[in-house]
Every structure is written in structure tokens, then in C-alpha cells.
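Down below are the structures I want you to see.
Two complexes come next, and they have one chain in common, subunit A, joined by subunit B in the first and subunit C in the second.
So, the complex of A and B:
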């Protein structure tokens, strides 16, 4: 049944059909060993067998949180994120606004990173929350929801690189908003990349991120061909930036097909 | 931030103006307002600068270089190794309530945090160009901490570009005292701070500090140096930070709208070329000012500053 649903060949490698049964504890590497690990071999393959421009396989499923209006769960190997959407509901503050409010909150679980995180929201979480808001806001028809608020809560269960985590969170939140049946102009797919020694590593993981000289996170609406958000840091040549933007938009289109697939699945499940 | 609403007719007026490459104040799409830049206004600070953009935006940046301990608590081993040899940069942006009613009380908090983060993201990292290792006094123990505090005194659009410009000039103006390190045996090291003001040095790498150009997408075109009303018409903003070598040191989109990828590339290119020419003119401005002061001092004439809020 499942195999029938996957129509195109190129979707197959992107879809992580079998969700890993167990969670493996990370291997702790001493700093002296870290230098020895090569990020890519002579054939240009990365540690997990990917090419530089490949992204990790994605597991994406909607409707796993029973109480939420919409929800989604995304997994890119070691990155695991859940998102719940509540609303639209009436804005609690009395002030009138002609457009709906979008409230995004991202929270790292205390055990999600190498170092234990505090349970209260820290500065980085606030910053990331704002970035998720900026990436999602252009896609949601907030003009149709005056006096209302949509709450998007994201919790990161496992973090394998902050930039890729942010990208996955945006993708996941967009699917969750769609799952809640909120009107959108398009879905937002997001992708990250690292600049390391003159190469662009798409969808980099934690170890690659630690050695990067710069990074980029791009959010993109493939059907409308519009970029909703971009964030780049580090000193980069302009030609590389242009190339990274192009590669990220391509990758976003691929992620988009996975997003559509999972939404279709959820509709089919509901109809049964 | 100040005006928060714009009428549809005003909106339309700006939109058509941008399309015809003529804006309300007579500028073209890619024209900057006049920049007035002055350094060394605050005697208590290690370095300071004030920048006024056109008739409105006024930012004052004070840099204070203070002694501090190198903090290595809870840092991973390999990061600690690098951190032990470095000084630090701490940024803070504050919108003074005198600039606008909206900056009063807690209203400005989110806005302040956002501006601080944008400045911090660029200046706290290798792309800032500052040589932080030169700011280390005793590895693992003492270093110089560079506090960059920006205050917004007046607001007439394009705040972030002005903050970056002023910060760059203030860093140029900053002098770090020389230290003389002595090993007194038993593994104890003491250091003296030289009181010879003439011998104090600039922070190395100040000239590599990037500037920011905010590009505002209005309709299907983009403009720079927007006024508050134009900012309200803006669908999406792109902040491009560039250093003098023409390398992109950061990109960030903000605002509610979205941008076409080809337009995005065009905006990055525009930001880069404008940023480079801006750096050139800013460098010339601060150098000319310094030469003027040196000349006047050698002639024993009085050096007069424009002072705060002054435009000409």
C-alpha cells in the first residue's frame, strides 16, 4: 500500500520510510581525535555517504499530537523535532489588530544538545523563535484572521547542528500549520548549508557545523518561487553566496515534495 | 518604528514614486542621504562616534575598553583553548525614549534586543575582522573587553545601517592602553597599564569591520536608506553586511513579505557594491577629520566639534 503511494523515483531516497527503532547515544569524541576525522573522502563523499549537495533523508508525519489543532514531527537522522499548532483563537490582549498574530516559540529539550540546556527560554531560543516567525509569516494568510492568534510551539528533542535544526523546525512548523487547516499561500520549506574550506556542505550536521567558516539558512516557497527568509553568517565570497542560494532553493523543492507527500498521507488516513 | 500606520493613498504614492525612480525627497532608488560623521565626542569613552543621516536618524556609539577576566567556565575543551587567548566584544543597542514615544518604557525592549542581536551576530565572530587575540593580556586570565554601546537619539528611518556606520567609526576612534607584562616568578604574572596616552594603539583590524546596507523591497523594486514612511510600505527587508574586500559577512531577511530568488541575488549584488563605496567614503571622512584635528593642534588652534544633534 505504502509503496504504491510513492510515485516518483527520486522521492524514494528522500523518504525515510523506516523510522529508527532505537535512539543511539552519541559517540563522544575527544578534541584531539576530532581533527583527524575527514569531512569528505577522496571521492567527495561525506562521512555518512552523502555527496556535498545531498540532504539527509527525511521522516515527516503529521497529526501525532492529539490535543493540537495541527501537528507534525520531523526527523533528519539525529535531528528530531516536534511541532504543535494551536488556534486560530481570539487574541487575549484587548488591542485591535486587522491582521492575525502569529506566535512562534521554539524550545530545546534540556537533553537535546551536547551541553544540558536550562528549562527556561534563553536568548538563543528567543532569537530562533523570531527567525521561525519571520520565515513563516509571509506564507500564512494572516490578513484573513483579524483579532486572532495562532500559536506555533516547536520542541527540539534532539539537536544535530543548530542551523539544520532551525531549517527543520521551519519545515516542520509549516506542515503543522497546514495540518491545522489554516489558510496559506504556499508551504515553506527550509534548508541549511555550511561553508567549509571553500566547499558548500548542504544540510550539515553538528560536526560539520563546528568546522564551518560560515552558514546559510534559506526558507523558500517553491510553488510561488519566493524566498521568505534568508540568514547568512560568516565571511563569504559573493559567487559562493549565489551558488548556495541556488542549491538551497533546489533542495527546498525536494523537501517540498516530501511535505506534500506527508500531508496527502494524513488526508488519506483521515478519510479511512 | 515611530509611525505605525500608513494610509492607502500614501502607500500608493510611495509605490509609484519608487517605480518611477524618484522618491518623495527627490532621491533615486539607490541614493543615500547625506552622512555626517564625527568621532571622539565623549571624553570618558575609549572611543566614540556620532552619525547623522540626512535630517533625522542620529546614532551615538561609545566604546569602552575595560579589563576583564577570561571566562572559561563550562566551555568545551577545544573551544576553551581558543577562547583563552582572546579578548571579547559585547554589543548593546538602546533606543532612547527621547527619540520616539514608542521607545518609552518596555515598548522598545523587543526592538532593542533585535537590533543588538543583529549587531552582535556580525561583530562577534571571525567576520568582524577585529583581531581579538591582540586584546588578550595574560592568556587564560586577563583580557580587554570591548563594550560597544549604541544609543539612538533620533529616528528617521534606516536605523541599522547608521548603527553599523557609527560603530565602525567609533572603533576607529578607540585606543587601547598598552600593557607591560612582568613575570615575577612562582608562575605569577603582573602587568602595568601604560599611562602614556600617545602610545595607545587602535584595535587591530578595525578597517575590516563590515558595514550594513538595508535593502527595502517595495513593489518589484528595491531601495536603500528608506525613510520611516517608506519603511511602512516595505514588503521585505534584506540586510547585507559587507567588508572592504567586498566579501559578504552576513545576510538577513526581515519584514513580512517574500522575495523572488533572482531579485534576492540582485539585491545582494547591489548591497555589496553600495557597501564597498560606503566604506570608502566613511574611511575618507574619518581620516579627513583626523587630519584636520592634527593640523589645527599643530597650529595651536582650538578644535571645535559639531556636537550632538548638530547638522552642519
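So, the complex of A and C:
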């Protein structure tokens, strides 16, 4: 019975003799209490020396996956994300579509989070994939690509805060799509922020995220001055949200210059 | 408007000429043969030349041990997560070591999303064989309490870029990540396993195997470290796994038959390459 159930879910490969059926993480005896770590000191500096409105330094490089049409790799200190774009290629389904299809898939490596993730796609990955799609779709000229599909695959190698991870994935995917030479109306830069004790922490990391009362992820096209996607959760005052949106758009403009720089570098490499 | 006339009056060429790229697409095997006849490979390497190899250790902080290996363009990340489970009834003192590779669609257009492909499962199984027989890690050191609790090491391998010779890269990543593993001190108390926050204890190796692969073209040319393009054309390959004493651990040979001289040649080349791999990994250890 059980085998049948598992087979029907296409998970039969998970059952084999080498691995135990149930595993747990051990209870960690904490020497330092995480609750006691201060998120900011008296001068308003955060644990890594940033001010509240600063984002982490970004490392962004294109063309790391030689097999893909376009690719990019982004690193925000601990957060590490690779993105590969395949297409535009022929849509496999028979029905005609006058617009191109955009297919985004985000995947967390099993070792990327504090707790080990299973290797099949879970609900969170499906949700995040959809959010990346929502944020990217308005920027890509899908109307120019009838009968075609663009596949955007994102692999999270290390996750240091899920909201900032989503923002980095959107930024990285946008650069990878541009690297694939697909026509876009503008690049999409994305930035996240956490609301903690009445303050707005820009580009929060995992520990900050664990203490947040709310969060926001904003995707923005700086040249067109248009927002493609906003996701806010938690209990927040309207005035604070307005301020957070403003701060996020500013941060996005900074991220945009990094994106442009890396694309310019990749063009220079290709010319040589 | 008049008729279109051939102004240059060019004679039609009796032999058809192609761009090299077109030739490669329609006659891949012949294309490779033309290179091999000149004792060179399409990417400019000689037969016995391995691609540039780099290793990065401890690159993933959420993992208990990790490494990133690049062989040419092939990029592999291996992260090891330690969890706890009950040992098997017939081996109450042993822990588990579970290697698993994910060939996700990000790394090459040949892979589709969904459950692991046949190739991924075969590689996982081969890695498992390499670790278990002959033994690489003493699984008894993973025991926390006999018959009650033991460490389970999930060695998950993610392929970021697929450009051939994936198995060698996987073995390098797996072995170097295992060497990078630091586990906390754990105790078993009334059905619960408690672990300290600091990680101190490293794994003890019985032997350190690495694998070295060759593609065999037309039954006589042995090409070391084949890339994706060569692998897609050549279906015969020899993979040799040897340990630090130069002893053979495993041999995988697929495709057409090979002579014993060829096998001996591969083994001697593999021994030379083994020395290079150890020095690359030693350098990486010093860098961290």
C-alpha cells in the first residue's frame, strides 16, 4: 500500500536500502543565547557593520554556465545563487500561443538551509518560483516570441534569509535573461527589507529575518521607474510601508548599477 | 526589371564546403575523427591533457562540510549535512553515508525538471559503491550510542555546469567535502540526541580514492578527461578509481572492448593524475 502511494507520487526513488527512513536533527545545546544577540548597537550599526539602510555588498557575474544560453551567479555575503536561462526554444505543448511562455523554477540545494531540504520540489519552492515569474514577466518582451518558451532555472546554493534570497534570485534571473540576449524593456532589480521593532532593516539576513514582525520584497525597473512586483507580509503601519518602498527603490537603483556593470563586463569578454 | 544574372560568373564548386560549426553539427563523429587523426582534440588539448582543475573548500556555511570543484567548465558543489537516525539492526554500531547527485536542468539542456534522471541515479549508485566497497570511511566512528543512535551524513551533490567528466568531479567534490566535515560532540540521553554547538570531530579515512576517466575513440585513441562534446560522441569509456597507495579501488568500463595494454596505460596515467589531484586538494586545504 505504502509503496503504491509513493510510486504514484513519483517519489519511489527516495526509498532505497542505503538510507534510513527517518532522520532528525540533534538538539543543539546552545552556549550563547541567540535571543540575546543585539541586532544593532547604540550607533545604529548592525552586526556586520552596516547601517540600517545599507545593503550587503554584491558579487554578480554572468556566463558561468557554459551550456546555458544565458547565466548569472550572485553572492550577497553568505547568500549564493546561480541562474541558468535556456531559450527561447520551441514550446513542447501542441496548442498555439501568440505570446512566449516564461517558465521560472527555483530550487534550494539540500544543504542550502539550516535544516536539510528534501530533493523534490516542495510548496515553498513552487511559491517562490511563481513570485520570480510574477516579478520578471513584465520586463521581458514575450510578445515578440510566439510559440517559444524561456526556461529560467535558479539554484540556491546557500540561503541566508529567504526574503533576501528571493530578491537576489530575481536580480540574478534578470541579468541571466539579458545575458541570453532576450529582448527586455528593462532590467528588474529586487530588494528586501524586514520590519523589526519599528525599524526598517534593509536586505536583512537570516538572524534578522527570524526576529522580524513583517517583511517586504520589491521588484523595480529603474529606467522605466516602474514597480513590477511587491510582496509585503506582517503587521506594519502604512507610513512605514511607504518609507520602506522608497528605501527599496533607492536600493534597487544601486543594485541596477551593479547589474549594468556585470553585463558590460560580459559584453567586453564576448568581444575579445 | 531584368533577369538576375550571375555577374561574377563563378563556376559552381564541385566539392561542397561547410563552415566548421556546420560540419560539427551534422557529422560530429567525423569532425572529431579529423582532429584525432592530427593527434589533437577539438578544444586544443593533447590526448593525455587534463583540464584545469580547481577546488574550493568550506564554501557553504550552512553545510557541515562542503567543497566546490571545477574541472574545465564542469562545476560541482557538494555539501554534507549531518542528521541522526537509528542504526540498522544488523549493523548496530554503524552510521550512514548517503551520497546523492542532482543533475538539475540548470546545468545542461539535456536534463529535464522532475525526479532524478537515469544518469543521476547511476552516478549516485556508483558513488555509493566507491564509498562502501572498499570502505572509505569507518562508519563505526559515526556511532553515537550502539543500537540507538548514529550520524547520517547526507552528501548532496549539485551540478551547476555540465561539461563532461562529471563522475571524476563528483568523486573529487565528495571526498574533499568529507575531509572538510566537522561534527559536534553528541550524546544520547533518554531517546534524545544532544549535540554541542561547536564542531570539533573530523572523519577518519581508511583510504582516499579518486577516479580518473578516459574516453576511448575508435577503439584505440584514449582521451583523458573528456568534455561534454567528446562524451556525447564517444560511447566507450574507462573510469579508474585508485587510492593513495596506487591500489585499484574500482574500474568501470563501458562500450567496446579494450586490450589489457590499454587498461595498463590508463592505470599508469591515473596514478600520475592522482598525484596532481592530491596536490590541488592540499593547496585548497591550506587556503581555508
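By definition in this document, the second predicted complex is superposed on the first by the 241 of 272 C-alpha atoms of A that agree within 3 Å, B and C clash if a C-alpha of one lies under 4 Å from a C-alpha of the other, contacts with A are read in each partner's own complex, and residues count from 1 in each chain.
Here, a contact is a pair of C-beta atoms (placed from the backbone, for glycine too) under 8 Å apart; a residue touches a chain by one contact, two chains touch by 3 or more.
Bear in mind the structure is a predicted one, so any value in this text is a computation, not a measurement.
After overlaying the two complexes on the shared chain, residue contacts for A:80 are found with subunit C alone; subunit B is out of touch. In the superposition on chain A, contact is made by A:130 with subunit B only, not with subunit C. Contacts of A:228 after superposition on the shared chain: subunit B is touched, whereas subunit C is not.
By the touch criterion defined above, A:214 lies against subunit B but remains apart from subunit C after alignment on the C-alpha atoms of chain A.
In the superposed model, A:114 makes contact with both subunit B and subunit C.
Of the two partner chains, neither subunit B nor subunit C is touched by A:53. Legend: residue contacts after superposition of the two complexes on their common chain; A:154 is shown touching subunit C, with no touch to subunit B. Using the contact criterion defined above for the overlaid structures, shared-chain residue A:199 touches neither subunit B nor subunit C, since it reaches no partner. Once chain A of one complex is fitted onto chain A of the other, the partner contacts of A:265 are absent, as it touches neither subunit B nor subunit C. Comparing which residues of subunit A touch subunit B with which touch subunit C, the overlap comprises 30-31, 114. Those residues of subunit C that touch subunit A in the shared complex are 59-63, 66, 73, 75, 77, 79-81, 83-86, 88, 96, 98, 100, 102, 104-109, 113-116, 121, 128, 152, 154, 156, 158, 160-163, 184, 186, 192-198, 228. Interface residues of subunit A facing subunit B in the complex, by the touch rule stated above, are 30-31, 34, 114-115, 126-127, 130, 134, 137-139, 213-214, 216, 220-221, 224-238, 241-242, 245-246, 249.
Residues of subunit B that touch subunit A in their complex: 74, 76-78, 81, 113-114, 117, 121-122, 125-127, 236, 238, 243, 246-261, 264-265, 268-269, 272. Residues 10-11, 13, 18-20, 22-32, 64-68, 78, 80, 82-84, 86, 105, 107, 109-114, 116, 119-120, 151, 153-155, 157-159 of subunit A are the ones touching subunit C in the complex.
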